[in-house]
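Both complexes shown next keep chain A, but they swap its partner, so chain B is in the first and chain C is in the second.
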Partner chain A sequence: MQNPVRAGRRRRSRQERLAYKILLPALGMVFIIVTIPFVLAVVQSIQADDGTLVGLRNYARALSNPAFYDALRATGLYAVIVLPAEIVLGLGFALLVHRTVRSPGLRATLYILAVVPLVVPPVAVGVVARLIYAPGYGVLNVILERLGIIHQEIEWLSVPALAMFSVASVDIWQWTPFVYLVLFAGLQTVPKESVEAAQVDGATWWTQFIYIELHYLRPLFLLILFFRAADILRVFDHIFILTGGGPGTTTQLLSLYLYRVEFKFFQTGQAAALAVVVLVSISLLYTLVTRLLPLERT
Partner chain B sequence: MQRISRREFVKRTAVTGAAFTSLPAFLAACGTSTTSNKPSKLTIAAVQGAEDGPLKKIAPIYKSQTGIALDIVEFPYPDLYSKLVTTFQANGSSYDLCMMDDPWMPKFGTMGALQPLDSNFGFTRDPDIPAVVYDVGTWPPPSGPVPPSEQGKTKHLYGITIVGNVEMFMYRKDIASTPPASWDDVLANAKLYGKSNFYGYVIRGLATNPASSDSLPILWSFGGNVFDDNWKVMLDSTASIDAINFLTTSLKKYAEPGAASTDAADRDRLIAIGQAFQSTTWPAEVTGVVEASGSTVIGKMGYIPIPQGPSGKGIGMMGNWLLGIPKGSNNGSAAADFVKWLITPANMRTYVQNGGIPTRTSLLNDATLASTNPYFPALAKSLASPPNWRPRTDQWNAVETAYGTAVNQAVAGLKSPKDALTAAATAVRTLMQQAGYPS
Partner chain C sequence: MRRNLSITALRLALAAIGLAAAAIVYAFPLYWLIVTSLKSKAELFASTIHLLPHNPTLEPYVSVLIDRGFWVLLKNSVIVCGSTVVITIAVGLLITYPITRLPVPVSLRVGVLNWALSLRFLPPVAVIIPYFAIVRTLQIYDQPIALIGIYSLFNLPFAIWMLKGFLAEIPLELEDAALVDGANRWTAFRRVLLPLAAPGLMAAATIVFTFAWSEFLFALILTATPNAQTFPVGVQGLVTQFEIIWNDMAASGVIAMSVPLVLMVIARKYMVAGLTFGVIRDK
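Let's look at the complex of A and B:
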């Protein structure tokens, strides 16, 4: 008679082998589109343009350039503005619709309206935003002047603080609906029984959110945080069109800076070094945050 | 019937498949070898916009005369440069000709990316075309500092200008009867004619390339420079600081609000709707907006070369678009024939009649053509001056970004002109030293 423990081990082993076989194409794709380019970037980062090995010289040059730190600061400030704004606004809309809109038709309409900004090409968003904020003919200044709120044109794109606000507002307009859609979907998973029981016990609007709904939304906050953080590292089009990174380097985010180093200056070694530094930093940050944040529902 | 094993079946299928799939490539290779002298088409990488429009219009004429079609592949300006560099790095044969902005020539020359037009295809200088037009397409550069890596190399002509772009100056001639002769006159006119909602001067001050292009003619006319003849950085020289101080302090008082975010399209709009008196300009801006239908100032603008500065000179900036033949092209001879065809006097006239900007002095001074292109005489004078080209270094894009950011900072009032230029000079020195220049 076969040992049941060994038989069980063999069964698990077969299942594992099957699992690996099924995973193999996906892992292969990840290897091709992530690992190989990363290795190539690392190799490029230690080479000169002619292919000779230069050790860490590209890293030293890239990290000693003050423009890199300007770009980091600008990216950090941009993230500090857009991430909380998008999460607060998206959450607010999601809760509002979840609690007040009962009509399926209206919910579907709001869903479609929320999708629209997400599918507009960023270049088009940038062009439209320029029509809003541009000096001389910007719609916003015209409206504010006609309403009598201002008597002199506001230089939205020329004053550093306003320029950052202007480019951030475009991001907030385009990506708040994403937060809304994700959180609204999350709110649909909250069991009605729990909510009704809490309401019977006299839970207020706020306590209902804090003690019940927030628990179901926590993993989604992390999802939103990382999707949006990744997007912020890729923001390019509307900033390029609105300010070109100016005034000065105020709105030159990391993506625009990296683009210039790689595709304008063709300093490929330094660009690769910067890409490796950014990728490793973000991976470490991601690991840290996922370990520290209480993500599981309790 | 003979039975075959599954293994044999797979093997035969693979061999047959490989044979069939390689057949088109084989036939194509045969075709290439037999028709290399006269291909059915030439593929041109071109910049999308006013610059390549006339080229598209004359393509059918060339086909009707030679049977060779011109396949013009368009890219937006920022994409064309990176597309060409990556194609050249791979020695690709995708393009038989490429349009090149003249500041790109150092990069392409240093890379050895182009076929020499003089030694390979017999191009010679035509006296009707200003020497500077040929010089800008020659590598290493025939005048000014030569990059250390290029010193001692034999000079060759690699590019032929097809868009004779030089930065000029425009003003409202219906308001001021005499054109400004100097930058002092420009300032005086800005003060005299500028009023509420009518700006005395328009600064194109958007960060990096726009601010750099707008300010370099002023910098040079004031006796300033980016580099001297030995690649010493001159951005923080007294003359350079004076020039940027003049632009961002004196002229800015009469300039439009939001100058730090103004690009060429914004400037042209202000001029075209009659809200501004004067500014620098490029030919494509004149034909595209200022003198185009819808403008309220058609016939009201005067065009002159860049006014004189304290140096006693008014120095325009070249922004020529050239045609070059990539080293990887398999149709170099046919591509050269097209360029020769394009620059003949008769064909260049047709090209101009279709919106092209000529390089031939005879066409620029032609009264008939000037009646529809009022800036032609100014362009002829600007080319004869001659204008400056941007420093001939493959590091120019990085230098321009540092300098253009500094000018933008000064326009926006974030830094004083002196502080901004001093910081830019330091950054450029580091950059050039890292690239092996004696800065």
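Let's look at the complex of A and C:
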């Protein structure tokens, strides 16, 4: 007579073996595809264009180029404009809809409308932005002129401060709905009882937000910040289309700068060195912040 | 009582104004894109710009798709995105099935999920330099296969996290019942799990398709001719020309966004879940 516990255990270990048999080849393949480029980037970064080893010279050159710091500054400025605007507007709308719109139909409609900008390809968003801001044909100037607000064309894309504003406005247009959706969903998790209790105690709009709702939204703010910050490091498409990084290098964010070093100046070694620096910094940042994210990992 | 009523009225008015402002800011750019895409060539050079549709014509669409031959790019996009979806979902299932349905150590499951998450934060521009070299070496430059491979990799994190969520929701007992009845694992997977997970798979597939459809940087760098160029690359070509043909550019923009918008109708409930790795689930 076989011991049922042992049979169960054997069945379990057979299942576990099956798990590894399926998992390991798939994971291994992906791991190799991901890792090869890293290794290659490091190799490229210590080589000259003719393949001779030059040690850290590429790093020294890349990091001593003032254009790199201009790109960092532009990225920082972009983040400082875009993140607060998106969070404030997204939060404002989430609270507004949460507290004033009761009809489920209207809420569902708003949900769908908010998803629309998120699925429009950034290239198409860049096209839309061109139709609005471009010199000569941009419709924003036409409207402002007809309303009598301006009498002379505003050069949205060639005055540095305005160019940064224009490029940032596109990001805000596309991503505020994301913030709205996340925070609105978060507001639905606030227990009705505690809100009602607070209202009985005379809580106002503001105190209800600060003392109750904010508590439930806090992890979501972190999630939004993290995802959006990662996206800002990779933002490329709409800027490439709208200003191409210009005027000068005003809107040349980090990703556009890296693109330029590699594919316009053909400095592969320096571009690889920059790529390694970016990858290492992101990994460090990632390991520091990721554990705080409210993700279900089990 | 009256005071409360007037405050409520004021709030509702403010809410209405806020929503109306948002509606204009969001609707107008898209409206203007469509209006411009329906303009005739003659109207482009008219001295006044009409804000309302004025003799709309489908001429720009014909010009973009036929005269400029962009239908080929559209075809490339469909091939690349379709293949990406198949590979991503297949590999995603190979990775998520064992960690959700079979007894593996918790640390392995958490490790796989964390690793997938970390891939989400890989900036494409930082890895494109080595990928460019690899693609050149493998002699797949300007071929769809290069894009398919890279898109599959970059969409895998989303797929893993979404599929993990969907698979974990299906009770283990259902599969166990089939196994007890003598089915083998594969049959149980195909006959029991797959049909139950189908809505989730569809959603994940749609979202992956949408993301791949929008991708621009890799396509710009790894393709050079209509042999492999995807639609966004074509759109970009119309924008950075010396003289911009506004109506054609707008028409290409409308085409580029229409596909994800149609697909969104299928996957709308899961869109936000996909973008937040399953943190936001309801609705």
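The rule is simple: the second predicted complex is superposed on the first by the 241 of 298 C-alpha atoms of A that agree within 3 Å, B and C clash if a C-alpha of one lies under 4 Å from a C-alpha of the other, contacts with A are read in each partner's own complex, and residues count from 1 in each chain.
The rule is short, and it goes like this: a contact is a pair of C-beta atoms (placed from the backbone, for glycine too) under 8 Å apart; a residue touches a chain by one contact, two chains touch by 3 or more.
None of the values given here were measured: they were computed from a predicted structure.
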Practice prompt. Quick one: classify A:Y216 as touching chain B (first), chain C (second), both or neither.
Written response: neither
Worksheet item: Which holds for A:L113: it touches chain B only (first), chain C only (second), both, or neither?
Response: second
Discussion item. One more residue to check, A:R61. First (chain B), second (chain C), both or neither?
Written reply: first
Item to complete: Examine A:T249 and indicate which partner it touches, taking first as chain B and second as chain C; both and neither are also allowed.
Response: first
Fill in: Which of chain B and chain C A:Y137 touches, first, second, both or neither
both
Fill in: More chain A residues in contact - chain B or chain C
C
Worksheet entry | Partner chain(s) touched by A:V159 [first = chain B, second = chain C, both, neither] | first
Practice prompt. Check the residue A:F263 against both partner chains and state whether it touches chain B (first), chain C (second), both, or neither.
Written response: both
Response to the item:
Both chain B and chain C touch chain A at residues 134, 137, 244, 263
Worksheet entry | Residues of chain A defined as touching chain B within the complex | 61, 65-67, 134-137, 152-153, 155-160, 163, 242-250, 252, 260, 263-267
Worksheet item: Given the complex with chain A, which residues does chain B contribute to the contact?
Response: 78, 81-82, 85, 107, 206-208, 210, 256-263, 266, 269-270, 275, 394-395, 397-398, 401, 405, 408-409, 411-412, 414-415, 427, 434
Practice prompt. Mind listing the chain C positions that touch chain A in their complex?
Written response: 11-12, 15, 18-19, 22, 25-26, 29-30, 32-33, 36, 49, 51, 91, 94-95, 97-99, 102-104, 106, 108-110, 112-114, 117-134, 149, 153, 156, 165, 185, 210, 213-214, 216-217, 221, 232, 235-236, 239-240, 244, 246, 249-250, 252-254, 256-257, 260-261, 263-264, 268, 271-272, 275-280, 282-283
Item to complete: Under the touch definition given earlier, write down the residues of chain A that touch chain C in their complex.
Response: 12, 15-16, 18-20, 22-23, 25-27, 29-30, 33-34, 36-38, 40-41, 44, 92-93, 96-97, 99-101, 108, 111-113, 115-124, 126-132, 134, 137, 139, 142-143, 173, 177-178, 181-182, 185-186, 188, 220, 223, 227, 230, 233-234, 236-237, 240-241, 244, 254-255, 258-259, 262-263, 268, 271-272, 274-275, 278-279, 282-283, 286, 290, 294-298
